[in-house]
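Paired with subunit B in one complex and with subunit C in the other, subunit A is shared by the two complexes that follow.
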Partner chain A sequence: MTLELVCPAGTPSALRAAVEAGADAVYCGFRDETNARNFPGLNFSAEELHEGIRFAHRHGVRVLVAINTFMRAGIADAAADPWKIALACAEDAGADAVILADLAVLDHAATHHPGLRLHLSVQAAAATPEAIGFYAEAFGVKRVVLPRVLSVEEIAVLNQAIAVETEAFVFGGLCPMTEGRCALSSYATGRSPNLDGVCSPPEHVDYAQAPEGTTARLAGFAIDRFAPTQLAGYPTLCKGSFVAGGKTSHLFEDPVSLNAAGLVARLAKAGVTALKIEGRQRGKGYVAEVVRTFRAVVEAVETGRDPVEAERRLSSLVEGGRQTSGAYRKQWR
Partner chain B sequence: MTEREKGELPGFVRALTAPSRLLPLGLVLTLALRGLAKRRPALFDRLGEHARRSFVIEPSDMAFAFVMVPDGAHAEVRTVARGRAAGDVHVLGPLLALLGLLDGTFDGDALFFNRAITVSGRTDALLALRNAIEDAELRPSDLLGLEGRAGTLADASILRVVGTLQRLTGLQPDGMPS
Partner chain C sequence: MNRIGLTLGPLLFNWSAERLRGFYEGVARHSAFDRVHLGEVVCGKRMPFSDRVWPELIGMLEDAGKEVVLSTLALPATPRERRSVLEICRDGHLVEINDLTGLPVRTGLPFVVGPLVNVYSEGAARFLAARGAQTICMPVELSLASIGAIAAACRDVEIEVFAFGRLPLALSSRCYHARLHGLHKDSCQFVCERDPDGIDVETLEGQPFLAANGIQTLSHGVHAFCPTPAEAAAARIRRLRLSPHSTDMVIAGDIYRAVLDGVTTPAQALARLRELRLPGELVDGYARGAAGCSPAAP
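Presenting the complex of A and B:
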């Protein structure tokens, strides 16, 4: 069985870096609120997507377009609806699939763009045969990106019970919440990844420097403080450090990154079709190094060669300087 | 952590670069940036509203800082003494790490996680600039306005010097000292 390596691209140059480093597929999004990485200076115009897809296809690489936020209610003019425009642009550009989460966007795609292959975003948080079966039956979804809350054993059982492909995250930032349902960013800033495409929108982030270290604030809330020599993480509330019960700790989740390189063989055995690397917000240096490393991991698994030292190779690229196998081993339950 | 451990320039290199503060660097970089905007206007589109913000880029191993407003044809760069620069965004780090960001050798988030650089001010403007630079795939010849053989030669020689210095200071692609 051949595992498909699905790699992130926040810019056209990152797309080229991913293709050249050995991606089988690249995922990206438009420069607006239709995708869950809607950060300043990031993402693709319609023209850049056309060019990116042409480049990828010349190299035999597929391009998946993430239109994975939830459609805003009350858009009177359908012709100006960003989600409908995004779907039409993706199809026009020759996207190999679109990654969707919202029922309305899925319905519109299935009805008006029947030629588009539909993947279900992790933002839909579909983790049961019933939920996945519904999306497959109602909209013809062909692949589900699995929420990062399942163990390898649970994925194996799930794959036996469903008729669509599964894609599992193997590297990058971890979301400890029920994805697509998290309201922490919205609570603090009024904007969320689900509706606006941004978790911890940067206009609300502030780093205050002082001799004792750096204080990270989100919308005025102090969420962490790093000593000058302490490794830092992203300014998200879920990975903030808080005082509760008289103790200071990372209450929800430590600032760590997922690295499931050591579990790739087991994920393949569990019936996973594709391995996903997180990080559309990262630079092409990160994209190239992580894709190269996971290409080597996949080849080592498929040919029975010695395992690749992925943790060592990628240790300095990760959030907080630490790596975890996350829920795949579920040591925390 | 010592300065050397943070990937800063060795003392003898700093001494060699010290006279550069006497050069009209601000004027040279202003003209280079405006020339770049003329040749590659799309590069500046990613900045959006943030093109008019002022970015203080402060190499921790140099005697001066740069204040840049990357406003396309109206772009401007000034050099000021370290510690005296004010702007909307402030980035502080070793010169070679900052240069690595410019050509995409280093990952900005990794530099931040590893504390190789510190940032303050408008995070949204900084992100826009980082992402615009990331996509630009800038080479020395782009800033110098050189094309053809001259550009190739300039890229090869300048990148060789920078690469040698990065190895000398122990900087890895993630911006961490080895």
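Presenting the complex of A and C:
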């Protein structure tokens, strides 16, 4: 049993940090709306990708390029289509695979870049054997990044029913909504993951300070309120505090991050090929620490040792200090 | 030019069998809808109750001259839910896929693509058309400009636009109705049946914002896209979809029929919609390429 550790690289320096810390593969995206982490100061130019891939390959590490947003309608000039350009650039740079979500992008890749290995992004939300089988048959997809709607038991059953590899998120930011099927951000701000590669974008964020505390707003909507002694968190829409049925609560999800380190052995047994760490928006120091620690978890699990020490270190790296195992445990639902 | 069709989309909420019968009886007898969707889209746990009602409603609506489309689950997960999607997709009726689970068995037969399937560009629409998509209801986020571009490139597909109702914004495997009531999805006690339009979600400052409906999150605002016949024709829109709510949907259908036929203006249509008992204020930002919550013209 060997588990592949797939690690985030939001910048060239994070890529080098992940490679040196023990990643088996890193994933990254171009500096535009073709990837789902289209934030200022992140991502790669074509030249940076070339260089990053050369560096990773010298260390025996694979590079996966996320082109996982949805192609825009009305692009008159195909030669200027950012998604088509991104596919060509990824192939040209020697990417080991591209991570795609959109039918149009998948169709273009399968037709015009038959040499590219295709992975299905979590944004495609393919959670059934039938849907995954369709992507494999229609486009030759070799691996699916599992939507975060499945329990470990369901992943085990699914892996019995499909012929492609699966990759499961184990650490980092967590969407309670099915990714690729959420328009909450564009409802409030006009910009969304599917259309723009952003969620709850920073230009719509506002913190209003008052004696009783700080209100964090997104496009004018109060998303959460923090006491003067509390550190005000980022107003990610689905992690906000809302009022429904007379109750105030974090209705959709508490401000928590995913930490499934304790489930690695069970995920491996369920037939998962690769473990994915979220965090392309994080700095190289964080990436190095998380990758190094997860490498220790994987090695402990693979040699039958108890990974408890490494798990404890990971708990301290969780954003905001609060963690969940998400949908992997059925009670989450 | 062909008349623009009027679709009554699938009911997204958990209504009792009795309420379903009464509602669709009215739709069959008096409404302007030429196409009506039946079937559970949101939660497989509701199906044992509603599945008993659909067969009689299909017959009743077809006898009244309505075209019936069978809608399928948006997030099938359990073996029973997947089986149900596949069975419906093998049916002789026109079906709506809301996830790609049903696509392999339906390929080659005509089908409708629901707004919860991501068709954001000409390429995606063409891909599905080649597999049998007859009607594609565009994702709610898309602007009228994008819809027009897709429709112009895919003239053999009927382009439908979500034109009335709370916007279906997100899906989850977690049930928010259950979570709100301190329950888990597996033992939810069907608390969602208490809220015929979903439960209102407000901000901490009391601003209406969203609505929860089981595993689905909708807008609090009621989207209202009322084009003139010329605007609809220019964007090559062939159908408008109205999403069922507890308000009088027969009247809502009449309002849209009148505006599509050029009998009333969009402003008059919006004014008449505002006279209905709606669960939220009218919004229409998405159609204009703005935030979805932007209010419709006063």
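For the reader, a short list of remarks on this structure follows.
Definition applied: the second predicted complex is superposed on the first by the 316 of 333 C-alpha atoms of A that agree within 3 Å, B and C clash if a C-alpha of one lies under 4 Å from a C-alpha of the other, contacts with A are read in each partner's own complex, and residues count from 1 in each chain.
Basically, contacts are C-beta pairs under 8 Å (C-beta built on N, C-alpha and C of every residue); 3 or more make two chains touch, one makes a residue touch a chain.
Only a predicted model underlies this, so the values are computations on that prediction, with no experimental measurement involved.
Once chain A of one complex is fitted onto chain A of the other, the partner contacts of A:Ile99 are absent, as it touches neither subunit B nor subunit C. More residues of subunit A lie in contact with C than with the other chain of the pair subunit B and subunit C. In the superposed model, A:Ile223 makes contact with subunit C only, not with subunit B. When the two complexes are overlaid on their common chain A, residue A:Thr214 makes contact with subunit B while staying clear of subunit C. Look at A:Leu267: by the touch rule set out above, it reaches neither subunit B nor subunit C. Once the two complexes are overlaid on the shared chain, A:Leu87 sits clear of subunit B and of subunit C alike. Looking at the shared chain after the overlay, A:Val205 reaches subunit B, while subunit C stays out of its contact range. According to the touch criterion, subunit A has no shared surface contacted by subunit B in one complex and subunit C in the other.
If you check the complex, the residues on subunit A that touch subunit C are 70-75, 101-105, 107-108, 125-131, 133-135, 137, 148-150, 154, 176-178, 180-184, 186-190, 192, 194-195, 215, 219, 221-225, 238, 240-245, 247-249, 251-253, 327, 330-333. On subunit B, the positions that touch subunit A within their shared complex are 1, 46-48, 50, 104-110, 112-115, 118-120, 122-132, 134-137, 172-174, 176. Remark: subunit C residues 74-77, 82, 85-86, 99-105, 116, 118-124, 127-128, 139-142, 145-150, 167, 169-176, 178-181, 184-186, 199-207, 209-210, 212, 217, 219, 285-286, 289-293 touch subunit A in the complex.
By the touch criterion given at the top, residues 10-14, 39-42, 201-203, 205-209, 214, 226, 228-235, 281-286, 289, 316-321 of subunit A touch subunit B in their complex.
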